[in-house]
Amino acid sequence: MTSTIIKNGTIVTADLTYKADIRIEDGVIAEIGPNLKGGTELDATGCYVMPGGIDPHTHLEMPFMGTYSADDFDSGTRAALAGGTTMVVDFALPNPGQSMLDALTMWDNKTSRAACDYSFHMAITWWGEQVFNEMETIVRDKGINTFKHFMAYKGALMVDDDEMFSSFQRCAELGALPLVHAENGDVVAQMQAKLMAEGNDGPEAHAYSRPPEVEGEATNRAIMIADMAGCPVYIVHTSCEQSHEAIRRARQKGMRVYGEPLIQHLTLDDSEYFNKDWDHAARRVMSPPFRSKAHQDSLWAGLASGSLQCVATDHCAFTTAQKRTGIGDFRKIPNGTGGLEDRLPMLWTFGVSTGRLTMNEFVAVTSTNIAKILNIYPKKGAILVGADADLVVWDPKRGKTITAGAQQSAIDYNVFEGKEVMGLPRFTLTRGQVAVEEGAIKSQEGHGRFVSRPPLTAPAKALSTWKELTAPRKVERTGIPASGV
Amino acid sequence: MTSTIIKNGTIVTADLTYKADIRIEDGVIAEIGPNLKGGTELDATGCYVMPGGIDPHTHLEMPFMGTYSADDFDSGTRAALAGGTTMVVDFALPNPGQSMLDALTMWDNKTSRAACDYSFHMAITWWGEQVFNEMETIVRDKGINTFKHFMAYKGALMVDDDEMFSSFQRCAELGALPLVHAENGDVVAQMQAKLMAEGNDGPEAHAYSRPPEVEGEATNRAIMIADMAGCPVYIVHTSCEQSHEAIRRARQKGMRVYGEPLIQHLTLDDSEYFNKDWDHAARRVMSPPFRSKAHQDSLWAGLASGSLQCVATDHCAFTTAQKRTGIGDFRKIPNGTGGLEDRLPMLWTFGVSTGRLTMNEFVAVTSTNIAKILNIYPKKGAILVGADADLVVWDPKRGKTITAGAQQSAIDYNVFEGKEVMGLPRFTLTRGQVAVEEGAIKSQEGHGRFVSRPPLTAPAKALSTWKELTAPRKVERTGIPASGV
Amino acid sequence: MTSTIIKNGTIVTADLTYKADIRIEDGVIAEIGPNLKGGTELDATGCYVMPGGIDPHTHLEMPFMGTYSADDFDSGTRAALAGGTTMVVDFALPNPGQSMLDALTMWDNKTSRAACDYSFHMAITWWGEQVFNEMETIVRDKGINTFKHFMAYKGALMVDDDEMFSSFQRCAELGALPLVHAENGDVVAQMQAKLMAEGNDGPEAHAYSRPPEVEGEATNRAIMIADMAGCPVYIVHTSCEQSHEAIRRARQKGMRVYGEPLIQHLTLDDSEYFNKDWDHAARRVMSPPFRSKAHQDSLWAGLASGSLQCVATDHCAFTTAQKRTGIGDFRKIPNGTGGLEDRLPMLWTFGVSTGRLTMNEFVAVTSTNIAKILNIYPKKGAILVGADADLVVWDPKRGKTITAGAQQSAIDYNVFEGKEVMGLPRFTLTRGQVAVEEGAIKSQEGHGRFVSRPPLTAPAKALSTWKELTAPRKVERTGIPASGV
Amino acid sequence: MTSTIIKNGTIVTADLTYKADIRIEDGVIAEIGPNLKGGTELDATGCYVMPGGIDPHTHLEMPFMGTYSADDFDSGTRAALAGGTTMVVDFALPNPGQSMLDALTMWDNKTSRAACDYSFHMAITWWGEQVFNEMETIVRDKGINTFKHFMAYKGALMVDDDEMFSSFQRCAELGALPLVHAENGDVVAQMQAKLMAEGNDGPEAHAYSRPPEVEGEATNRAIMIADMAGCPVYIVHTSCEQSHEAIRRARQKGMRVYGEPLIQHLTLDDSEYFNKDWDHAARRVMSPPFRSKAHQDSLWAGLASGSLQCVATDHCAFTTAQKRTGIGDFRKIPNGTGGLEDRLPMLWTFGVSTGRLTMNEFVAVTSTNIAKILNIYPKKGAILVGADADLVVWDPKRGKTITAGAQQSAIDYNVFEGKEVMGLPRFTLTRGQVAVEEGAIKSQEGHGRFVSRPPLTAPAKALSTWKELTAPRKVERTGIPASGV
């Protein structure tokens, strides 16, 4: 077979920046060094060669009210590759009472056309002995080390504190990592009802019904439960200072807590919901909703200082037609926005170009950190010999104005419409296959493979050692009860 | 009728310290000034004359597993008066499904022998239309403006977030104040089960099962719910930095949140649970449990800086015999400790004498602040003409060593046993009646009356104005959906 | 002599709201009660009767570059009374090397036309044995218990940490309270020079040269020095979250720290400096400068929660002509804005009417709290028999649009120009003299008297007890050095 | 020449743990892979192969009152190697008025016997045009990118805020990093004098004279100055929560601030100063002093969460005889303790073995992070082909009890005396030379070389971009002054 060689680029990883060429063989990095020759050459002159992005949070072809989120593993992974992302992690969502194994099969069936690698988080949507037992199978046999918990979506996906504690304890035993969608579902449901009763039925009421306090509270609660159960915890879509504060407060006590801002929350704000155009506002409906600008500063600082670890998209795209289900009742607007194609260019433009982040931090928060958290580093998220050749050749001089008309996603709009970005892939490679070349999509349906993720990361093991060391000790007493006053 | 005159003392209130005599007529302060004459004179030379203490948190004759807490309104109010406290606020606890009006009648029946004035908080132990409706009656007709919510005691008193939000909203409408016992009951129950399963069945496991994090989380949650519902909130028995931090964080955003440390948590620590004597440890079992010394500093600072408002006792006394119900299973140890007689002397000794608090702050946190919060100021908690003559003539030179043998409480031990206090009542007066004189108890059974408390404090009204001003506003749109990208 | 009776009003104090009439005799409150009769009656129907405002921070007739701040004790106290303020505390500023006693005489000479009562803070502008010694005289003989320290104005008023520590220690000994203008003068001076060098010579550069971080740092430093010296500390013109955060952080450790926001910082923001009109911007030049809106929320919350204690003005008015001294060099724009007449109406309108503050809190932060801090309560800041009849009869239905044309201040503009306020004095009384009646000024030149303030407040004494209790203890060793490894 | 091969070990870096052998040639890592053969083999079976430690903070042969700190570059680097540390960074300290270039020459002269690599920080001990100019030479020609500033040691090394701001600005221009010893020197000097005056002359008074508040204040101030000057800042020997809090607060705003706890502060506490043996206490005298245990938790959590970056020693060893200079006056006790040999074993034992840190974090905080901060990564702090073969083969089963008798350091005691550590070097290699083998020291005098460090790290460049983007902008005005009110 022939090699591919990436020539004349500057390699940028989470901790290094240096000039070198890369030889790829069999989809894997075979050699890194100067002046490599032989095989197909990809010219990276003037470019940064970085690990392809990993998006740890997508919902492709997710069932919703008799239909599905509009991007499936075909269009979704194409969008990912177009934007320099080479792996997505989706969520398998069992129905109440459904076996997790069944659910996983259902979800796995959707992936046949995936153009890049993928993995799954498993959701805990109900609790019982079967769930308790299947968690072990999921971790040991199915290559999944993360379990998602929804504190919102009452009556649907939501679990209560009792179930969370049970599940988190099980995660601690298995060396798995709980993920949490942190919003207080009880309060959201009540506020939704109140707003509707008052005639507040538009998309802005979606934001009113789940303010930052509601997210901050749930984040704080999830962290406490994880601390008591003795496991790390990962908060998805951290959108606001309140939630970030809870994460920081835990981390400053040494707790192993991770936070994941979305590119949407970093760059868009809640003024979108006040747009006079219902469609415009409804297209931005997601949970948590966009926040005021002050929250953006908090999130950016978190990425720079390390209190937040990764930038995701929660890509869950619905067409305008689907969004219109919620006319007259904002609660029926399907929750979700797109972003898979835009995450890297937006983050580069508003993060690296402004000096908020270094290039190395860009790599850390788009791939390396999550690869470590998900225990797939350095197979993914690294530029090392032996690592998968999931790479993006990043051209900092290549720009565009984001527009729905030019996107890979199946939907008819883009929440970043009109944003000018500078910094785009010259090439995106998925396990060595050139999926994108100067804007041309050359991805292959079905090229993507499931990425298996083992449990027991180093932090989880360390935490478990510490928890054992500091566990409650019984006071030994003789003759109980003993003496007097 | 004859006057009583308190002569030659120094009056100390929450904001004044000055020399003056006080004339009392018909149980009410009739005159304050120099050289008052006529009537029975009480010599206050060398003493501070202060408003009698108000203990906002007692459980007298509370039903428990077929028996009752050991101090009833007789011994309880005697203990109160002996220690300079002239009013107690107890809790009416409806059974699940029981009418609040019925419960109130049951509780009211216990008070016939009360020697000092009293009032009731009403507990929300279940939710439904009947509760919603009766809350108005309780507030408008029954003179009760506070509703207690238990976030712990799962399967018994505990309410969930949904119920709390409903009740808090109702409080907002009625101008009532929700009180919260803040511990995460789900997590406590699970941790209790785990500890028992591991053989940790002693009193120390009680503390292990409800660490500060569990209280801090619930406090944080209660505050968020109150903020969303638009009412102030009062956290009972704030025992630790975690809970205090949540309170401070809310207050620094302008939220109307109150915290109540107990004299026990201010002066006793969790080393008590490690006593080799099971009885010793079990007698200290209460919820939240005693904490490590670092938490005490936090609470004292909160009193001095105003982030915590009042010192209570949660007086709920059980005899050693009752405590022994829990041999072999700490979950069955009745929760509660005494303190009614010791609150003021202990706080004076460890607060005022050390310089942590001024005398004025002592008055503020033992009576005035809670009188304002409960909307009974200046009838109670003040030394003003027209105010009830609930007074303590405090002798800073009078000391003793606390011991169970000499106490009014019906139980056979005292958690402060052996503490040396300096500062005791020379006289305690309840509406002018001299109930204590130099250690001699002269209280009258049945002298105590119910104190009616109207709703709508100034902070509650201000908050409601602010919430209205900043309420969600509907975006007016024409032709939905409209246009666009 | 004849009485004055305020009839039919609602008395509002820092902790009470009730209907009663007030009889005034000899400038003092003689009686409070229903249906008082006899003497001149002032109709307070529909009004709130409150303690007159105390402005703890003014600079009347302050020397500046060969001229003086435009309002003297005549126009300044008239402005005060017009706005419901009945006492001002000004600053005596010794020149370097000048005796404090001389300085006090100079300042005292300015007060002959004062229409309301006043007092002085003494500034520590240099250090030496003479200053050390005179501080005692100032406190014991001159009725001044506060010493001001400037951490900014390098080369002029500024003192360094060494001098501050020395002075604070002396304050601790004398029971006096240090006040601090907290901005890092070294850094300000350097940034000013840098901005000028870059051509940034306009009024906006004034704000650029002293950002919130510079104030927060100095506040934090002053607090630490006070803590080490063992005295309370009062931070003047707390303008931003950074400074407020330092205050909160100290208070939550139990430190006795006070913060004073100005009405300007509560209601005006830094966008004023970007006005295209140089005059407009220059007229708003003061130190600290106005801040962004986010800081206002912090300050309002501090007033509601008690982490900030009083609202002042730092009234230091310069005419447009005076301001123009700084054309071409913002460093020469005289620092200062007016506000004496506007403080109460602005605070009522944006504080009480919005629900951010209760009426009682309004009284607390405009008079009562500072009266306690300055140890002149209840002579001032109270409505009690025996207190000075410094009163404002506040008409919540009386409104106006603030405009320079109608003000008492001698200057030709008003920084609140155009603000609509609702809530104004119907009457202002200074020691019983009706100085304002429905907008008509009836004040008497020379009516004002110096208010003597004794040292040793209760918090200062308590702190000193605590510091003694926790003072360093020597380790007793025999045979030094003793033994081996 | 021949290769050295490290066989059968597990490589542990800051982000990877994997089995591989390492081939070393010419002092550099030549190959990493399985089953390497040829050359001298070092058996790493059962061991972790990690980058050798870098100690960024030592004072070898530092002049002190006519004598020198007891460990020079000979014994000091031997101690380092014995404990697995393969590089030290020392401080060149110019006398007041002395050229930095002269000082550097003096310091460089001491290094001829160094057994491992070293570098220098340059101290700013005075300010002037010469210093300003020489800073550029130091950075561009001398391979030094860090400048140390002392906020304490008044009258000796201390610089004031003005000088710090000037120097920090210069650092910003040059892309250099300021380091700060953060204690308020003015306050320390005053408190020292006060303690002496009160007869507190023992070593415990050293601790009394510089409490955590004094360090926290200075840290906060240094950070503000760096923020204003536009450069990152590195706080040396962060010993307490107060200082750590200031660092966290800055980082949560996105500031580029680094903190360096010492192994002493992580594991020893201030009870040492209360030892009845004067020698015992005096030997522990260093600045900042040891703190109470609560501070240790803060520091450990900072290492785990990333708010603190590296563990150093501030190794500055004085013999008992030298320490006794301070009998009768604690101010004369030479400040400093040892730790070079003990840093890694102590951190492993109390950090990794307890589960507070992962092994990867251990590597990060002992070498990799500081290598990045000092801009010498991956030459140092990495296990990569091309990196210097500064390696430690760590045997987790090898233990000892620390005792002065067995140490390399020249002094006659050890502050860790009696501590049992588990985890020691089997081999330490400095650029391939086996300097330690199973406890036997085989180091070579003079083997060590100066490590040149270029300026302009990625964070410094990013910060500078951000500061430029957000720099003050002049408001353009025409016709100044313009219009009216």
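Lettered A, B, C and D in written order, each chain numbered from 1.
The definition used in the following text is that a residue touches a chain if its C-beta (ideal position, glycine included) is under 8 Å from a C-beta of that chain, and two chains touch if they have at least 3 such contacts.
These figures come from a predicted structure and were not determined experimentally.
Q: Go ahead and note the Å separation of the Cα centroids belonging to chain B and chain C.
A: Each chain reduced to its C-alpha mean, chain B and chain C end up 37 Å apart.
Q: With centres defined as the mean C-alpha position, give me the chain A-chain B separation in Å.
A: Their C-alpha centroids are separated by 46 Å.
Q: CA centre of chain A versus CA centre of chain C: separation in Å?
A: One centre to the other, that is 51 Å.
Q: Going through chain C residue by residue, note those that touch at least 2 other chains and give them in order.
A: Not one residue in chain C touches at least two other chains.
Q: By the document's touch definition, which label belongs to this structure's chain graph: line, ring, star, complete, or other?
A: Topology of the interface graph: a ring, with each chain touching two neighbours.
Q: Output every touching chain pair, sorted by label.
A: A-B, A-D, B-C, C-D
Q: Within the complex, which stretch of chain B touches chain A?
A: Residues of chain B touching chain A: 160-162, 165-166, 169, 184, 186-187, 189-191, 194-195, 198-200, 202, 204-205, 208, 211, 213-214, 216-217, 220-221, 224-225, 227-228, 245, 249, 273-282, 320, 324, 327, 403-404, 412-414, 417, 472, 474-475, 477, 480-485.
Q: In their shared complex, at which residues does chain B touch chain C?
A: Residues of chain B touching chain C: 14-17, 248, 251-254, 256, 297-298, 300-302, 304-307, 352-360, 368, 372, 377-378, 458-459, 461-469.
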